[in-house]
Amino acid sequence: MTSLVEVKKLKKYFSSARGLLHAVDDVSFSIQKGKILGVVGESGCGKSTLGRTIIHLHESTGGTIQYNGKDITNPSAKEIRQLREKMQIIFQDPYSSLDPRMTVEAAISEPLLASHKISARKRREEVTRMMEMVGIDERLRYAYPHELDGGRRQRIVIARALILQPEFVVCDEPVSALDVSIQAQVLNLLRDLQKKQNLTYMFVTHDMSVVRHISDEICVMYLGQIVEKCPAKQLFEKPLHPYTQALISAIPSVDIHPPKNREILSGEITSPINPKPGCRFCARCRYAQNQCHQPQTLNEVEPDHFVACARVSDNEL
Amino acid sequence: MSANEEMIRRLAKDRLAMLGLLIFVAEIIVAVFAPLIAPSDPFAMDFTSMLSAPSSAHLMGCDEMGRDIFSRIIYGTRYSLGLGISVVVVSTIAGTIIGAIVGYFGGVADAVIMRIMDVFQSIPSLLQSVVISVVLGTGFFNTLLALSIHRTVGSARLLRGSIMGMRHMEYLEAADALNCSKLRTILKHVLPNSFTPMIVYATAGIASAIMSASTLSFIGLGIIAPTPEWGAMISSSRNYFIEYPHTVLFPGLAIAITVFALSVLGDGLRDALDPKLKN
Amino acid sequence: MNSKDQSAPFLEVKDLEVFYSAGKQKVQAVNGVSFSLQKGRSLGLVGETGAGKTTIAKAILRILPHASATVKNGQILLNGTNLLSLSEERMRDIRGNEIAMIFQDPMTALNPILRVGNQITEAILHHSSMTKAEAEKHAMEMLEMVGIPAERFGEYPHQFSGGMKQRVVIAIALACNPALLLADEPTTALDVTIQAQVLHMIAGLKEKLGTSMILITHDMGVVASSCDDVAIVYAGQIVEYGTLEQIFDHPSHPYTRGLFNAIPSMNIDQEYLEPIDGLPPDPTHLPEGCYFSPRCKYAAEACKTGNMPVITTADGHLCRCCQYNLVAKDEKK
């Protein structure tokens, strides 16, 4: 198996008034072709920035990005245009990611108009094909986004991202803005498209049950860094990093028997601006000790199970 | 129904705005067909009827040179309205280009251009136009230039603000991800979604440009007699105003009616474009 | 409010109907909602966007927009007094003193240019006869109670994280020890670990102060962790009502079932989820018969006409569905 996307020591810093914001800090992982990598974490952990940096909506600060074995860390403008046909993104908020003045047809065909010279007839056919594929009724072809509900809008966003037939799609919280019953419809659609077209997803979300459902492998991020990475099921059966444990414990479960004994974290999230070198979770971690103030590395503590925690690596927890 | 159709429907319900639109359209027709409508040559002097009062021969009477005021007002639409519209067209185009660039790209270009704009905007508009007119001289094109600069700055600022307010919208980031070029993004996504305040500003701008042009003409700058620009007409007859008020009254009324029409149309447009503002 | 009778419901909402009008269009936001709440208990109002949950809460507090909303019918009895018939002046007394509300977005609920301590103090002064010094002392106690060190009394909202802001909002709401707390998606804007902290805190405070609560949420998990009773709201109606155990162990309405099934499971691997087909109805054109029938796989002819009656399936367990027997036969996922 070859990896389709491979990032090594990827960094993305933003300069802010109070210093450098380490949005993504030394992140390394790879995604196999046809697989779904879930990236989960809380707001501000850098998961969205990570996805956007990989597809060059942001320029990386350091590290390398490889696509299909080819280095794409610093592409030329022309290379970016070529890459965008292979790498796409589905945004979180279908209310703001659609131009309010474009009809369904215009929105879906926008990528074709932007990069291809194809006939108007061919373009209409393509739009019809995509609308069918994502389940948008033909009669809505000339509707405007404000006339549609969130689920339909997100289907349009998906159609628009997939019309150029990309191989790799960053799904940035694609169902977070949707109600539960609609969320399930869209998740099924994404899964279906992924299978039929052998797509590779990087699925960014804050929702633990969604990430468990959709992913093959999961990275847990905390303040710009990956703290744990392993196959999806294993993460929930045997979470090793104290943060992952707290995160899983905090999920409001619908299972009321027995009433869940939650681990309640205390302490506040540390600032991602000019962070100290040690483990970024240690201010909230009940296991924190001296060695936690040293830089942490992601170690393979079990086959395919990587954890960035000195205490776990030292077999102390 | 698209946002535009809804806007037009709301505008059509606004009676005052419709009246304004009616007057404006009528004036444009008058300007285009002036030679067919005007009963006599606006420049022809008839010394026998100097300062004559309105009569069946001269509907609005004659000025101090014996020229038919009615015909001059008819022809005047070409100058006053033409100048007003030209100023708005020129300044809107220039303002859109500048505003879109600084608003969308931001950064150093924004900082530099906006400081230059600040300098222009710190000078009162009339003073600015007067100075430019004095330097360039009178005439249609010089007046056009003198009046356009201030408005260009105004519209560039307006558009910039409007664009900055939407710069965080995800669909602009989406356009980037979908391979839209910068030009396409600006033309297809940024401008259509930020342009509405410009329409209101432009409509009301015709009125204020007509006022400014008349003011310049009145003080002997801008367009001067014998050209039948309304402000110039008032200016050349001002000495006879007390005894022969009709010489000033009719061009004054022409200005007032036009400005009124465009102002109510502008207000109507603003309400129609943003229905939240009205309530 | 000096009713000492604990068995009579503390809050009772009867046949509440609320309409919104936009131009010529009339929207039925709440269509005959009835429920009751005992003292000290918490009720979860669960439903999707636009189901009318927030409208119910705003109707109780009488803060619906006058221009567009009309309460057409119904009674809201707080300790036996109908809030809908009270004068505005009397209602102002009740707001804050007896009923307080927490909104979803803590940022909009706090004044950005006032120190957080002062905002709590002001709320206390507004609703009590304390002196300024007493109120400030009480405000500091409230901060400590919601887990914020009293030293932060003098800081501004922007110096607080999202979770802390929501705690300040809760401190303000609870400062006057209201008998009823209306919490509208209080943790939706928060991260899951922070949400756990806040829910834990609300539960603790509720127990300590004996406050009754109506928790509005779309998240079944949140309900499971903080409510005693549950009402499932669909298209402005309560379609199922019961205790937490009744609703979670024996969901009887097809919509409730659908909601549970649509949530990705934490224990079972599923290739595909089981969504509810279709979309929630357009509130300007509600379907004939049961509002859920167009999306319901159990729908029979009887579901498509007339008003769907409420059926009592067990003690206190109400369900607005005539097919509940069929639903009960299907295994819950």
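Per-chain numbering from 1; labels A, B and C assigned in written order.
Just so it is clear, a residue touches a chain if its C-beta (ideal position, glycine included) is under 8 Å from a C-beta of that chain, and two chains touch if they have at least 3 such contacts.
Values in this document were obtained by computation on a predicted structure and should not be read as measured data.
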Starting at subunit B, fewest touch steps before arriving at subunit C: 2
Among all chain pairs, the one with the most C-beta contacts: A-C
Whole-Å gap separating subunit B and subunit C, where each centre is the average of the chain's CA atoms: 55
Chain centre separation in whole Å, for subunit C relative to subunit A (CA means): 32
CA centroid of subunit A to CA centroid of subunit B, Å: 51
Residues of subunit C whose C-beta touches two or more other chains: none
Residues of subunit B whose C-beta touches two or more other chains: none
Of all residues in subunit A, the ones touching two or more other chains: none
Residue ranges of subunit B touching subunit A (in the complex, touch as defined): 2-3, 169-171, 173-181, 184, 188-189, 192-193
Subunit A to subunit C touching residues, read off their complex: 42-43, 149-151, 179-185, 187-188, 191-192, 206, 208-210, 212-214, 233, 236, 246-247, 249-257, 260, 262, 264-266, 268-269
Footprint of subunit B on subunit A - complex, ascending: 52, 55, 57, 81, 84-85, 88-89, 91-93, 96-101, 103, 110-111, 113-115, 144, 146, 157, 160-161, 164
Residue ranges of subunit C in contact with subunit A within the complex: 48-49, 161-164, 191-197, 199-200, 218-222, 224-225, 244-245, 248-249, 258-267, 269-276, 279-280
